[in-house]
Structures are given as structure tokens and as C-alpha cells.
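In the two complexes below, chain A is the common chain; its partner is chain B in one and chain C in the other.
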Partner chain A sequence: MKTVTLTLTKPPELMLEGQNITPDNFAGKKAAEIAALDVWEGKQKGPLGKYFTVEGDGGATAAETKIVLRGDCTRVKRIGQQMTAGEIVIEGNADMYIGGWMKGGKMHVKGNVDSFCGIGMEGGELVVDGDAGHHLGASPRGEWRGMQGGVIRVAGNVGNDTATFINGGTIVIGGDADIHISTHGEGGTVIVKGNTKGRVGGQMVKGDIYIYGTIENPLPGFSMVGEVEQEVDGETARFAHYIGDLGERHPVSRGKTVYANLYTRI
Partner chain B sequence: MGELLIRNGFVFDPLQGIKGDRMDIGVKDGKIVETSALNSPKTIDAAGMAVMAGGVDIHSHVVGPKVNVGRLFRPEDKLFKSPHKSPTCSRMEMGFSVPSTFKTGYDYARMGYVFVNEAAMPPLHSPHVHEEIRDTPIIDNAAMPVFGNNWFTLEYLKNNEIENNAAYTAWLLRATHGFGIKVVNPGGSEAWGWGLNCEHIHDPVPYFDIAPAEIVKGLIETNEFLGLPHSVHLHCNNLGNPGNYTDTLESLKLAEGYAPKNDFGREQVLHITHLQFHAYGGDSWGNFESRAKDVMDYVNAHDNITVDMGQVTLDETTTMTADGPFEHHLRALNNLKWANVDVELETAAGVVPYIYSPKIKVCTIQWAVGLEIALLSKDPMRTFVTTDHPNAGPFTRYPQVITWLMSRAARDATMKTFKWLERTIDATSIDGIDRELTLYEIAQMTRAGPAKALGVGNTYGGLAPGMDADIAVYALNPEDMPSDPTMIEKAFSRCAWLVKDGIVTVRDGEVVEEPAKRTVWVDVKVPENAQVQRDIYEHFLRHYSVKLDNYSLFEEHLHNPRVIEVDTTQ
Partner chain C sequence: MPKKVENVGCPYCGVCCDDLVVTVSDDGKKILEVENACAIGNQIFHHATGGERVKLPRLRQPDGTYKDISYDEAVDYAAKVLHNAKKPLIYGFGSTNCEGMAAAAKVAERAGAVLDNCASICHGSSFLAIFDNGYPSCTLGETKNRADVIVYWGANPAHAHPRHMSRYSIFPRGFFTGKGQKSRKIIVIDPRHTDTAQVADIYLQVKQGHDYELFDAFRAVVRGHEIPEEVAGIRREQILEVAAIMKKARFGTIFYGMGLCHSDGRNHNVDIAISLTRDLNDYTKWTIMAMRGHYNITGPGAVWSWQYGFPYCLDLTKKDIAHMNPGETSSVDLAMRDEVDAFFNVGTDAGAHFPIEAVKHLRKHPWITVDPNICMASEISDLHIPVGIVGVEVPGIVYRMDNVPIQYRKVIDPPEGVISDEELFERIHRRLCELEAEEAAKGQAKATPEGVRAEE
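What follows is the complex of A and B.
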């Protein structure tokens, strides 16, 4: 695997649209060619090299390309958007839409990210050591086909509207989550190891949510059906098991109605 | 304006009966002229190419509030589907199934179309419709206000007051600067206000106590009483349901005994739109089947009816119609988002995204039904290419539809992708049809026929001297048609040349000029009618949310009008 190191030397005045920063776009390119790729600051298009110094060449394929971003990327958006393979490491913070529409590969952000990260994700792994903003792993605006697969791990806290319209894949949140988790969900798993505010699983049809801490305002559409012991994210614990959202339509599979499952740790 | 000479092309002009003759077409001051009238024209070399009049779309939802609802509530229709701005166009383009106004104009022009009839204008929202017409570049637009659920219409027709209904119709056409009488699910959209529907043409409308059959007959009588350019344009009751072909046949029979009366060369009294959605047999989605043959047998035998296809293109699209109850029904089928609107005394509307998948049996049967309608037609001058944009698919798929019609191999290639191919073949007659339409028949179905049915055949849809110089040149040689059907699609997607009003607008598939577009509307002069004036005043006083003075379209909303005048006082 070859490594391309981008160091942000001239931070943009506006937000920088960095959707070209992916292993797919860097593969097969020399450092100079990578520096010539387009990025947008507001409506102005410029070469990547205007903002970053580029060291190292891309690998032959996306899978053989690793990108390391250094410097304060708090104003750089859309890194790793639609990537299919390879690896990206962001040494500090990053802005919105990090790992959006990811199909494969691995991203590791060592700082915080803003909103809309991992939206429309289909595969791969997105790891954030800090906090994430709103709409983590949610569906893009208007879209009813949300996260299809892959894994998102956020060590810190997240904002609201996590995993809206989730269809598959797993989101693990180490800290707390704000309101609206898995709204309209039809599959997939969300694990919150801290506390949540409320509206957990609203209009959810199918899928699983695990809450280790408290739900400040639980929804009346969920009904407790028992207690279970389950292995979640490598550790076994006892959970109260709720089904819901009872106000929503539910598919029937092999004669049995399918509900979404909400587990809260006992 | 300059002179143009389009040389040596194979000319297809059904209005003059020209079937691919090698001819020159002269253009002077925006009109077609005899080539002898030219002095020093610029020349377009069309050797080895097909030359046709600019395309005419008889039924497409491109402007107005319901289209805009579709744009607003489907941001995902734009995501990763919008092209970068073309360097030769003045505006950005966005969207796939509900494109922005600019993309609509450019894409129609790229396909060689010049006239698009907006299929349903809610009269109350006519200012919005006309503002979007203004913002849709290049193509001329007309818009048909909806009458089939209008309280005035229902009341007049209940009492059989054709003359009063005609006076009201004339008033509304002028108030909205509309083009003709559109009828959507007659009575059913009004019944939707009570949570009901009129699935059959004899189901009474609540409160008004009139049946859809009476509404349609009354409007045909009104239309012929006024002598409008276009006929009644009907979206039948019971759209989209298994077994609805019997209702469609009953609706078609309503036109029996009526003859066209107009000065515009129109020969039909009833246009049935998106017939594909109305030609289904069976009594459930399980035994859903095509009844296109039954319906087309009737259409073929009756000269006073025209139809358009409403071809399903197997795309993810956005359905939108003034048929409010149908959209509610559709929402329950696919569980996707739904918008629903009531327009006071006039109409309703609904919008729901829909995915026509080649993996779903009903969708592939629908695909076959649309093609059967066109391929079983005996008179291409009465059967028109549409996708009921965007309901059965976006208009940008017309080249694909034309290719399916012109090539059995193209149909077979698409059918190979069907999950339920055997069942689709069993439920339809598509596999038994070998017919491949010619370029002449395509010219009939996409320009000459629709122009004549709309009553604008003296201006659009043909290449006779004196007509608008709207000319599309396609890189297709009728003496050497490509064996690969995708080449046909490519040629119709991006015309080699489009001349609009004598101005070279598209060259090699790229928009190079944006000539002024027009709003085409029909102004009908009727005798003063004190009763209708009073009825309008009273209804506005009691029932409308706007004052009468604020209702009619203000002049500043009307963009570059082309008025078609009809005088009934003579």
C-alpha cells in the first residue's frame, strides 16, 4: 500500500469541498497529478495543491492507496465521499459529509467531525475518535433509502437525527446521542453506550436499537415484551426488550408481524 | 433574421404526405418558405440525415405547482443526477424525473422538440404556471386548465346548460390564459374532497349528483359549441387499476355521435391521454394483464378519438396528477412519501415517487401495454408518443420509446432484463408483435399527429411554406438505418440540428442559442352572459379564498403570448 500525505498549509477562507480526496481519485496518480485535482472554495474551483502540500504517489488501485491528512481540516468537507476501497486517516478534525455515500474501505478521523458524516453509507468502516454532529449515518435529504451497510464508530457524542431511514449496517456511539435515532428505520443496528434524549425509533418498522444509558423521553409507540440477555459489540449484557413503533405499518414475515426492537440495558 | 437552407435531407412531413424525399427546406424570417424565395442563405448540409418538423408533445407535466411540489419534495432526484453546467447554455440544469425549468427547456430542444403542452393547470394557480413557462427556455408552451371537477362546470352540466358552461369556459380560458379543456378523473377528484372517488363513469359525485359520463359528454358538447382548437383532453376514471379497461371503453363510447366542429383542422372530439394506464385486465395484481388490444380495436374503429401512450420507461420517477384519490391509493401501495393538495372549487393534486422496476411483474406488463397501444394502432396520426412525463417516466426517455417502437431487437433486449419475462409474455401480446415503425410513422406520432390534434397544425408539426421554421435534423439515414438500435436512440436524444423560429438552436446535440419562447393560449369571444357573470361573482364572494379581481392572470405574468382567437359571436 502506498501512502499519500496531504498537509493543509493554506487553510481556506470558506469551506473547502473536498470530494475528490478519495483513494479512488488518487489511485494511479503521481503527487503532482494529485495536486492538480479540483477542489472548490465556495464557487471558485482551484487545484488541491493550492491548499495542501502533497507528498507521495497513489497506489495502482484504490485498495492500495492510503491517504493521510494533516493540519486543521475543520473547514474541509466531503473527504472520502463515495470511496470504494483503500484507507484515509485524518489526523485532526474534519467538517461535514466525511465518508458520505461510502461503499468500502476504511476512514479514521482522530478528532471531531461535523454533521452528515457517513450519510447514505453502503459499506466500509468510518471511525471517529471524537464527537460527530447531526445526521450521522442518516439518509440524504428526501431519500428514503438510508444507510445500507458498513460500520460507523463514534467514540464521543453525536447530535440529532442519527441513522434516519437506516436499512442495514451498524452504528456504534460511545457517548450520548441527542433526539431522533433510527427514525423510519427498516433494518440495521444502532448502539448508544451513553444516554439519549428522546424520540428513539420513531416510525421505525424494522431493525434494532440498543441504549446502554437512559432515554429521557421514551416514545409511547414502544411496548415492553420481556427481558433478554444478548451479546452486543463483543460484550454480553441483560436488556429490557421493547417492540415498536406500534403506530407504524409493519411487514409480515412467515405469518409473524415484524417489529423494530429497542433494547435498554438493565 | 436571416435566411437558411437545409439541403439534401430526407424530409418526413406527414402533414404534406412527404415520405423521406430528398428535398431542400428554405427558411426566411422565422418562417418556412419556398427555396426560390431565398437570396443568400446560410446552408445546413443535411445529406444522409432525416429532416422533420420540430417535435410536439401533447401531454407532459412540466410547469406549475404540482411539478414544483415534486421538485421540492424530491431533493434526491437531483443528487448525483444533475449535469455540470453546459458551457453553451446560460443556466444550470438539475434533476432527473422532475427537472428544473431550464433543464426541461434544454432537454426538449436537444431532442428536437419545440412545443410542449402542459397537461394540467389548476386555474387558481395559473400565475405560477405562467411564471414557470417564462422560465422554461426555448420551447413554446401551452397549458390546459382542468375542468372535470370544477364546481361551475359541475353545476352547469348538471342542469344541462351547455351555453352557460361554454361562457364560463371561455371566461376561465381567458382568466388563466389557458389552451383547452383538460379533464382529470371527472368527478373523482371532487369526490376526493369527501374521501371518496368515482371509479366508474356512472358513480355519482357527492353533493353535485352528477356522474362522470355526464361531465365528459357535457364538456365535449361545450368544446364543440365553442369550436376550440383542441378537443376535450381526458384522463379517464379508475386509472391504474386491474380490470379498468371496461371503464375506459365506456369512456371512449361517450364520444359516439359527436363530430368535430372547428376551424383548425382537428378531426377528433376526444383525446384520451396516457391510455397505457387505462388498458388493464384481470381483477387483482395477481392476474393483472393487458387489454390494450380491446381498447385499440375500439380506437382504430372510431375516427373521432385520438390517444397518447403514457409509456412506462422502467425508471425511478415521480408521479403527479390532479387525480388526488389515485395518488392516495398509490401511496398505500408503495409506502413512500405523499403530497396531497386541494385546490378550492377547482381540482386536487397528489405527488408520490414511484419505481418502475424490471424486476416487478406489474411494471413490466405496464411497459408492454404502452408499446402494444402504439404498435397495434392502425392510424399513427391518432396515436402519439408520450410518457405522461413524469408519471410513467421522464420525457428524456422519448428517444428510448421511439427506439422500442422502431426495433423489435431493442424490445427483445429490454425484455431480457425482466425477472418475470414468461409471465409478462403470457399477460400481454408484446412477444407476438413484430411490427417496427418507420421514420414516417414516428414523425406522425411525435409531431404531425399531436400538432393536428391540438389544432395547431397550421403552425407546428409540419414543413409547409408559411409555417413556423421549427426544424429538427436527426443523424439517421432512412436508406441505411443502423443495425444497432442504440444508435437510433442516440440520434433522437441529441438532434444534429434544431432550428427554432429560423434560429439555429441546437447543433450536434448542444444548445447553442436560446431563441425567445412563446406562451400559446386560446382567446374565445362569446356573447355577454349576465347569468354566468353573476354566478362567477357570487361564487367568488362566497367560496373562493381570493377576490375575483385578484384571480385572473395579470399581464406581467404572461410571457411572449401567441394568441389563437376563436370567435363564437359570428
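What follows is the complex of A and C.
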């Protein structure tokens, strides 16, 4: 695997849109060619090399390319957007859409990320050591097929609207989550190891949510059906099992109505 | 002899009353009387000729004062600001006509700007819910003629849309609603006991910020499930009673306002309201409608959706791609994140409506206000360009809150020399094209040319 190191030396005045910073776009390119790739600051298109110094060449394919981003990327959006393979490591913070529409490969952010990270994700792994903003792993606006697959791990807290319209894949949140988790969910799994504010599983059709802490305002559409012991994220624990959202439509499979499951740790 | 102009449309709120009668003086220069309008609509007409108007663009001077300049100079200044900015923001349009909106969109596309309207801080969350969940709506005429149950949820038309209740929802006698108010059940759901709540048959005082839970409870009840004894501060019996009334209605309409759009969850509150409306259609006919604020705030949604496919928060910086994602491309977020470097405030008052922090961020860069009147935004601008008042001095198409287009007329001429929004933006567009041509002739592309290597 070959490593390309980008160091942000000239931060943008506004925000930088770096949708070209993916192993797919860097593969098969020399450092100088990578520096000539387009990035956007508002309506101004400039070469990547105007903002970053580029060291190292890309691998032959995306899977053989690793990108390391250094410097303060707090104002750089869309890193790793639509990547299919390879690896990206962001040494600090990053802005919005990190790992958006990701199909494969691995991303590791050592700081915090802003909103819309991992939206429309189909595969791969997105790991954030800090906090994430709103709409983590959610669907893009108006899209009723949300996250399809892959894994998102956030060690810290997340904002609201996590996993809206989730259809598959897993999101693990180490800290607390704000309102709206798996709203309109049709599958997938969300695990929150901290506390949540409320609206957990609203309008949810199918899928699983595990809450280790408390739900400040539980929804009236969820009804407790019993207690279960389950293995979640490598550890076994006892959970109270709720089904819902009873206000929402639910499919019938083999004569039985399928509900979404909400588990709260006992 | 004073002239009476009949069937005049009112340029105030989203109800778009089109039955006003305006009396104009002999010389056609003064508005003497306005009949049928509410107190606010009345004032808009009288304001046009009642006092001093700004008749020339005003440019901020180094000493902080304003100096009158010509429209040509103002157009040149505005075009240069747009041309030189990396990401200008053009925002407003609650109170202008669709022709002006289309011309402004042309400018935004040419300039590579972000184009946003007041929905961004108002009913924008309704758009997001409509994208996700559809919009089982109707026209106000259908509500007037058919509805026997009306729900106002988080809306206070008694103050915000003064003639909404008398023209369309509670009081009018329609084709199938000949008994007027007597044949209608009015349900008001609001954390505050508003003046609208005073005319309600049933008032539910929902706990502030918990509308989503209450909707969820209604939906569970409509599907025949048990709910807890109390949800969002409302007792179970009351929820069951209202759900039964809704299911038994012949035709119902939910009118919702800022109570849903601007409490926690925003678009999700509207989203679940739409879901409830859909559920109720298993039993009877139910519709839902956003109580849009300004008389033509529905307009930019209609015009720009037709032009670009999105109603608001349009990022046109890539020129051939329209991108929309509120939270990123919405005006207040752009301002708070320091993501724009020029601001156009058109036919609204961002100075009064935006959070003060957002205003401070925007004020670091050039700020241009296009508005007939003096407002907070015009007083902190670098350039204030006055235009004619749509519906009073400028005719045009406006969209009512139920997406019905109405042709507005003018009753008097604008002050001498004052132009319309449409003409202003057409002139800015022409000047922008000239600036681009001049730059191309000089052969100095402003953006770094493509393919330049980092080491070069």
C-alpha cells in the first residue's frame, strides 16, 4: 500500500470542498498530478496543491492507496466522499460529508467531524475518535433509502437526526445522542452507549436500536414486550425489549407483523 | 374624482386576499382608502404614499453616512460585489413578485451565488418533510367549501393571518358548509392559549417542544393501539376524543405553523403531521397545509423548483449543478460558519430576522439591501437600493399559501425613477455579463487556471 500525505498549509478563507480527496481519485497518480486535482472554494476552482502540500504517489488501485491528512482540516468538506476502497486517515478535525456515500474502504478521523458524515453510506468503515454533528449516517434530503450498509463508529457524542431512513449497516455511538434516532428506519442497527434526549425510533418500520443509558422522553408509540439477553458489539447484556413505532405502518411476514425493536439496557 | 380600484390583491400575508377595494386620489398619486383589508394590509397600502420614500440608491460613505447615487452606479456596485465574491449569498424574496425572483435567479446563476429565500428561517422545514413524506394538501377553496373539522397546530392566524379564519377555515359558508361556523369543529393545539385558541371548540395545551410525541400518540390511537395515560401534557381521554372527531370528519384540514417548524425536530414534526394526515385518509378525507407567512413566499419555491429543481437553499456556485442541503447551504448556517463573503438582502429584513451572531458574521463582508422601505437591514447595509412595492406599485404573479398563482395588479405608479425588482436584477445581470466579458478580454482569469501544478 502506498501512502499519500496531504498537509494543509494554506487554509481556505471560506470552506474547501475536497470531494476529489479519495483513494479512487488518487490511484495511479504521481504527487504532482494529485496536486493538480480540483478543489473548490465557493465558485473558485483551484488545484489541490494551492492549499495542501502533497508527498508520495498514489498506489496502482484505490485499494492500494492510503491518504493521510495533516494540518487543521476543520474547514475542509467532503473528504472521502463516494470512496470505494483504500484508506484515509485524518489526523485532526474535519468538516461536513466526511465519508458521505461511502461504498468501501476505511476512514479514520482522529478529531471531530461536523454534520452529514456517512450520509447515504453503502459500505466500508468510518471511525471517528471525537464527536460527530447532526445527520450522522442519515439519508440525503428527500431520499427514502438511507444508509444501506457499512459500519460507523463514533467514540464521542452525536447531534440529532442520526440514521434517518436507515436501511442497513451499523452505527455505534460511544457517547450521548440528541433527538431523533433511526427516524423512518427500515432496517439496520444503531447502538448508543450513552444517553439520548428522545424521539428514538419515531415513524420506524423495521430495524434495531440499543440504548445503554436513558431516554429522556420515550415515545408513546413504543410498547414493552419483555426482557431479553443479547450480545451487542461484543458484550452480552440484559435489555428491556420494546416494539414500535405502533403508529407507523408495518409489514407482515409469514403471518406475523414485523415491528422495529428498541432495547434499553437494564 | 377619486378612483376606486376593485379586486386588488393584498401584499401582506400568505392568505393573499384578492377582494380589496382601494381608493386612489384624482392625480393617481395618493392612496386615500383601503376597504376589506386587515389592519396590517391596510397599513402597507397607506405606507406607500403616506410618508417620505427613499427614491435613489444610497451608498455607505467612509464616515458612516449614506450618499444618494444613481441606479447605474448602484447596479455597477452590486454587479462588482457579486463578481468579486467567492461565494455570495442572495437571500429574501418573501415580499416580491415571481418575475423578480426569476430575474434574481438568473443573476445568482451567472454570479455563482447561493440563492435562498425566507423559507430558510420559516417553512423550509416543511419542504424537507414534504421531500421525505409527500404533501396531501388541497386548496383553500376546498377547505372553505368542504371542511367540517379544522385543526390549527402551532399556528396563530388571529394575529399572523388575520383574515384566514373568516375567508377560508372557520366562519365562511361554503358549498357543502352552508351553516358556516355552526357546522364546523375547531381544534387548536398550541402551548400558548392564543387568540386563535379562544375560538376553538377544543384546545389542547401541548407541552412546548413535544408535538412529535403527541402526533405519535394520535397515530397509535388511530391504528387502535394503547397509549400512556398522559402524552406531552395531554390526558389520554382528550387524545382519544380528538382522534375520534378526526376519524368521523367528512373533510378535515390541518393548518400548521411555526409551532411545528421551529420547535425541536422541525421537519420531523411536519413529517409526522403528514403521516397522521395520510393515516386519517384510511377513514375519511384529510388534508394538511402550511400557513405560509408572506404573500409570495410560496413563489420562490414554485419558481426556483421549476428553474433548478429545488425550492430554497440553492448552492449555484458550480453554475451547472444546483446543490441543496439545508444545514449546509441555508443562509443562517452559511453565515454562522463564515462560508459566504457577500450578502444580498432582497425584499425582506435579515437585519431583524436573523440571529444577531449571523448578522455580525455577514456584516464582515459587503451587504446590499434591495427593499422599498427603510428597515433594520437597510440601515446596516453598504448599499440600499429602493424598488417599487409589489402589489401597490408593481404588478406581478404571486403564489398563495395553497400554491395557487394570483395575478396582482398595481394601483398607483412608483415614485418617479424608482424601478421594479425585476428591472433591477435584469440590469445587474447585464452588468455582470459585461464584467465577465471585460475580464475575458483582458485574458486574466480570476480563478487559478486548471491544471496548474503545486510546485509551479
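Keep in mind that, in the parts below, the second predicted complex is superposed on the first by the 266 of 266 C-alpha atoms of A that agree within 3 Å, B and C clash if a C-alpha of one lies under 4 Å from a C-alpha of the other, contacts with A are read in each partner's own complex, and residues count from 1 in each chain.
Criterion: a residue touches a chain if its C-beta (ideal position, glycine included) is under 8 Å from a C-beta of that chain, and two chains touch if they have at least 3 such contacts.
As the structure is a computational prediction, the values presented were derived from the model and not from experiment.
Asker: Would chain B and chain C fit next to each other on chain A once aligned, or clash?
Answerer: Superposition result for chain B and chain C: clash.
Asker: Report for A:L69: first if it touches chain B alone, second if chain C alone, otherwise both or neither.
Answerer: In the superposed model, A:L69 contacts neither chain B nor chain C.
Asker: Let me test your reading of the model: by the given contact rule, A:S115 touches which partner, first (chain B), second (chain C), both or neither?
Answerer: second
Asker: Touching A:R141, do we find chain B (first), chain C (second), both, or neither?
Answerer: both
Asker: Is A:L48 touching the first partner chain B, the second partner chain C, both, or neither of them?
Answerer: Once the two structures are laid over each other on A, A:L48 reaches chain C alone.
Asker: For A:E13, using the defined touch cut-off, is the partner it touches chain B, chain C, both, or neither? Pick first, second, both or neither.
Answerer: In the superposition, A:E13 contacts chain C only.
Asker: Mind telling me which of the two, chain B or chain C, contacts the most residues of chain A?
Answerer: If we count touched residues of chain A for both partners, the winner is C.
Asker: In the superposed arrangement, does A:I88 touch chain B (first), chain C (second), both or neither?
Answerer: neither
Asker: For the superposed three-chain model, which listed region of chain B (331-339, 493-501 or 511-519) is the one that clashes with chain C?
Answerer: Given the superposition on chain A, chain B and chain C clash at 331-339.
Asker: Overlap of the chain B and chain C footprints on chain A, residue-wise?
Answerer: Comparing the two interfaces on chain A, one with chain B and one with chain C, the shared residues are 140-142, 144.
Asker: Could you please specify the touching residues of chain B with respect to chain A in the complex?
Answerer: Residues 73-77, 79, 335-337.
Asker: Where on chain C does chain A make contact in their complex?
Answerer: Against chain A, the touching part of chain C is residues 85-87, 111-112, 128, 131-132, 210, 212-213, 215-220, 222-223, 225-228, 231, 264-265, 268, 271-272, 275, 279, 317-319, 324-328, 337-341, 446-448, 450-455.
Asker: For chain A, which residues count as touching chain C in their complex?
Answerer: 13-15, 32, 35-36, 38, 40-50, 52-54, 96, 115-116, 134-135, 140-142, 144, 160-161, 165, 179-180, 183-184, 198-199, 202-203, 217, 219-221, 223, 245-248
Asker: Which residues of chain A touch chain B once you look at their complex with the stated criterion?
Answerer: The contact residues of chain A facing chain B are 140-144, 249.
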